[in-house]
Amino acid sequence: MLDKNGIAKRIAQELRDGYYVNLGIGIPTLVANFIPAGVNVMLQSENGMLGMGPFPFEGEEDPDLINAGKQTITEIPGTAYFDSALSFGMIRAGKVDLTILGAMEVSEDGDIANWKIPGKMVKGMGGAMDLVAAAKNIIVAMQHVNKAGESKLLPKCSLPLTGVRCVKKVVTELGMFDIVPGKGFVLLERAPGVSVEQIKNATAGKLVVEGDIPEMSI
Amino acid sequence: MLDKNGIAKRIAQELRDGYYVNLGIGIPTLVANFIPAGVNVMLQSENGMLGMGPFPFEGEEDPDLINAGKQTITEIPGTAYFDSALSFGMIRAGKVDLTILGAMEVSEDGDIANWKIPGKMVKGMGGAMDLVAAAKNIIVAMQHVNKAGESKLLPKCSLPLTGVRCVKKVVTELGMFDIVPGKGFVLLERAPGVSVEQIKNATAGKLVVEGDIPEMSI
Amino acid sequence: MNKVVADAAEAVKDINDGAVIMLGGFGLCGIPENSISALIKKGVKNLTCISNNAGVDDFGIGLMLQTRQVKKMISSYVGENAEFERQLLSGELEVDLIPQGTLATRCMAAKYGMPAVWVRAGFGTEIQNGKEAREFVFQGEKNNYLLEEAFSADYSIVKAWKGDKFGNLIFRKTARNFNDPMAGAAKITIAEVEELVEPGELDPNQIHIPGIFVQRIFQGKSYEKRIEQRTTRKRA
Amino acid sequence: MNKVVADAAEAVKDINDGAVIMLGGFGLCGIPENSISALIKKGVKNLTCISNNAGVDDFGIGLMLQTRQVKKMISSYVGENAEFERQLLSGELEVDLIPQGTLATRCMAAKYGMPAVWVRAGFGTEIQNGKEAREFVFQGEKNNYLLEEAFSADYSIVKAWKGDKFGNLIFRKTARNFNDPMAGAAKITIAEVEELVEPGELDPNQIHIPGIFVQRIFQGKSYEKRIEQRTTRKRA
């Protein structure tokens, strides 16, 4: 079973040298801590920055320099700033190679729900709808089941959608899955110590298990 | 009768302090030489500049600094450079207060033709179609009749149109006219030494002469 | 060409009840602090605010919510704001939540004189309700798009780092955000700047907003620039 | 992240016959001189060139017309070019003339991932033929707009003043023109720069094109920067 850092670590292995990457809030943010050696990626922050660096040293926070999670950050050599319209322009035009974000539910067709729970105060979708509508490659990082123990990998999402047929991959504490429209959640790797049986039991959507499923090495 | 400089001089009297102005090639360019004292205007050049200054001194030409007529120019204090898309964005959004351009024909409804003569090599419309489609206020500077002696102020344009119902005013060597759709060319002022009769004879479109028409003072 | 007004009070003096206002900033970063204070002092009511966020309880647009000056918020994310939540649940406040990129692009569309834009965000979601959808092939790929209208706002209020008297503006780092597409997107654009200089002092090659998009400019004062999430790392 | 290629020859080496290419510049100002020379040396044929102008007989795209490498020009103004005129009249060359703002905006649309844009230019003229027209009310004013498609180009070739190895670009004065909206508007963007520097040497606040829009960059050489209309005034 993976903890949050484990999920982030496994997703980090999907990064390729030269990728432009947008990281959502939560587990996705942790991915930045596990970028493999020799892999150079540029982090895009949709509020208007390419080349997001680490948090500043104490006392060096700049209120004019934050990320999309409103955290103080730093720039790196080669950073570029731009406005919100151009930022979503580059997202919409598919220039961002990989988007990693959290979700409440994902369907076997690649639909995603992560912004609204009916009856609860809705804070807004922020940039999530724009990102999922346009990113070429979307990996969802999330817990496999919700607090009530119900699967979040579903035949159909029950919550209001953020986007349709867009998620390509899901990594949970139990394993890593490709989403192949018309086929379902294709199990690629088991988390350390997790059996295929455990994954089957926790997955409400169509699970595809083809051949021997390797345990992931992280 | 006005010469080219006279037409430019009369149009220059229409400038108001604080105007952003786009000047077409030909007579319109001359308007810059006659801006009244105390009237500050900013010249927009659609290739990407606000605050166009005069031609450079000999030996100070900068190939990276040209106007839409591809002439070497200079900047002024307060100049801003920008790209072609933003340039036409500001034009399209009506931020340019006045556009002055030449024409081959103008109709009594305010249609304008100035880019194409069937059977002749067509060089292109450049930015003219964008300018006439969006400018709030368009003044045409042109000769009243063509080389064949035919009126260029027509009931309908015979040449392919550049824009429809857009010209607000025309200044020719014979006089100054408002174009009021549904009414026609409303004669505002006669050029020095020109009679209403002369203007009537040279105008094929509907000419409106209301009351005494003053002679212009330039 | 001189667009300078004395201060925020003069800049907002003709903003009346019921106005539709764009306000720049992302979170509390790059928000027009002086103008918000002036609007509160003026007490103008029933505002429709187009702003990516709604501030926090005691700063930014949150202050205008405390004084009940806002009728409607058009935002992508309204965050942690107790008074906002109370007014929303009680029906005192209308909220129109729209995707962040769509929000930015509807501002940009207005600035560029485009009446509407086609975007992919929201297709197949409840955001699509009542909107025209269409399939386009673009660079060999078929996708569905929604037609989203340009905003029609009365005022756009932005905050820049430097500006000159002609209204030319330069932003700093990520404080550029929505201030850039909003500058020029309303009938009247008001810019408050940290440093107001003479025309010619800004490098004309580095201007983010040409002055033609700005109708009023003033030198702001006492910027607090509050940080919403102060995240740091320890020195090694 | 390193986008650097050795020279123009390497930058254009995979541009094949029949490619659709955007070329930056306005007149002869800011044109990608090195890349044009490399395309001529390579001898690639049947190109469709999206460029505001077509150069002059002995410079710029005019040189590619001399070598008959261009099948079609998409431009707003083709100017004074005898060989161009000859090829056009003889039917060797296709020309699509479109309004300059529409040209710029169709580039920008591609760069911003918008499949089409609504513009007023050309409504009621022959430019409207075959295009969808629609009336929109925008900021209280009713007007007619035409739907214009984003360009789908294989390559965009731009010229910048300075650039870094990540592809970040800065233009100079009016040489920015179409280079800006074209950068990032095609599948592959090639940038040639007068000065190539290390990442971090350009002020991140002053970058016109973030590197994400650029796939290849190289240090150009021997720029001629020819002036088309040398206009001057006498010293007093």
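Per-chain numbering from 1; labels A, B, C and D assigned in written order.
In the analysis below, a residue touches a chain if its C-beta (ideal position, glycine included) is under 8 Å from a C-beta of that chain, and two chains touch if they have at least 3 such contacts.
These numbers were taken from a predicted model, which means no experiment stands behind them.
Under the contact definition, chain A and chain C share the contacting chains D. Note on connectivity: the fewest chain-to-chain touch steps from chain A to chain B number 2.
Comparing chain pairs B-D and B-C, the larger number of C-beta contacts belongs to B-D.
For chain C, the chain whose average C-alpha position is most distant is B. Between chain B and chain D, the centres computed from C-alpha atoms are 28 Å apart.
A separation of 36 Å divides the Cα centre of chain A from that of chain D. If each chain is reduced to the centroid of its CA atoms, chain C and chain D end up 32 Å from each other. With touch defined as above, residues shared between interfaces to two or more other chains in chain B number as follows: 75, 81-82, 85, 89, 91-92, 134.
In chain C, 105, 110, 112-114, 119-120, 171-173, 204-205 are the positions where the chain touches two or more neighbouring chains simultaneously.
Taken together, the touching pairs give a contact graph of some other shape, not a line, ring, star or complete one. Pairs of chains that satisfy the touch definition comprise A-C, A-D, B-C, B-D, C-D. Put simply, chain A touches chain D in their complex at residues 18, 20, 40, 42, 44, 50-51, 75-82, 85-86, 89-96, 134. Note for the complex: chain C touches chain D at residues 105, 110, 112-120, 136-140, 143, 145, 150, 152, 170-173, 187, 204-206. For chain C in complex with chain A, the residues that touch the partner chain are 26-30, 52, 75-80, 85, 88-89, 97, 99-105, 107-108, 119-127, 161, 171-181, 208, 225-235.
For chain A in complex with chain C, the touching residues are 45-49, 54-73, 75, 81-85, 87-89, 91-92, 111, 121-130, 133-134, 160-165. Those residues of chain C lying in contact with chain B across their complex are 1, 110-114, 164-166, 168, 184, 198-200, 204-205, 207, 210-213.
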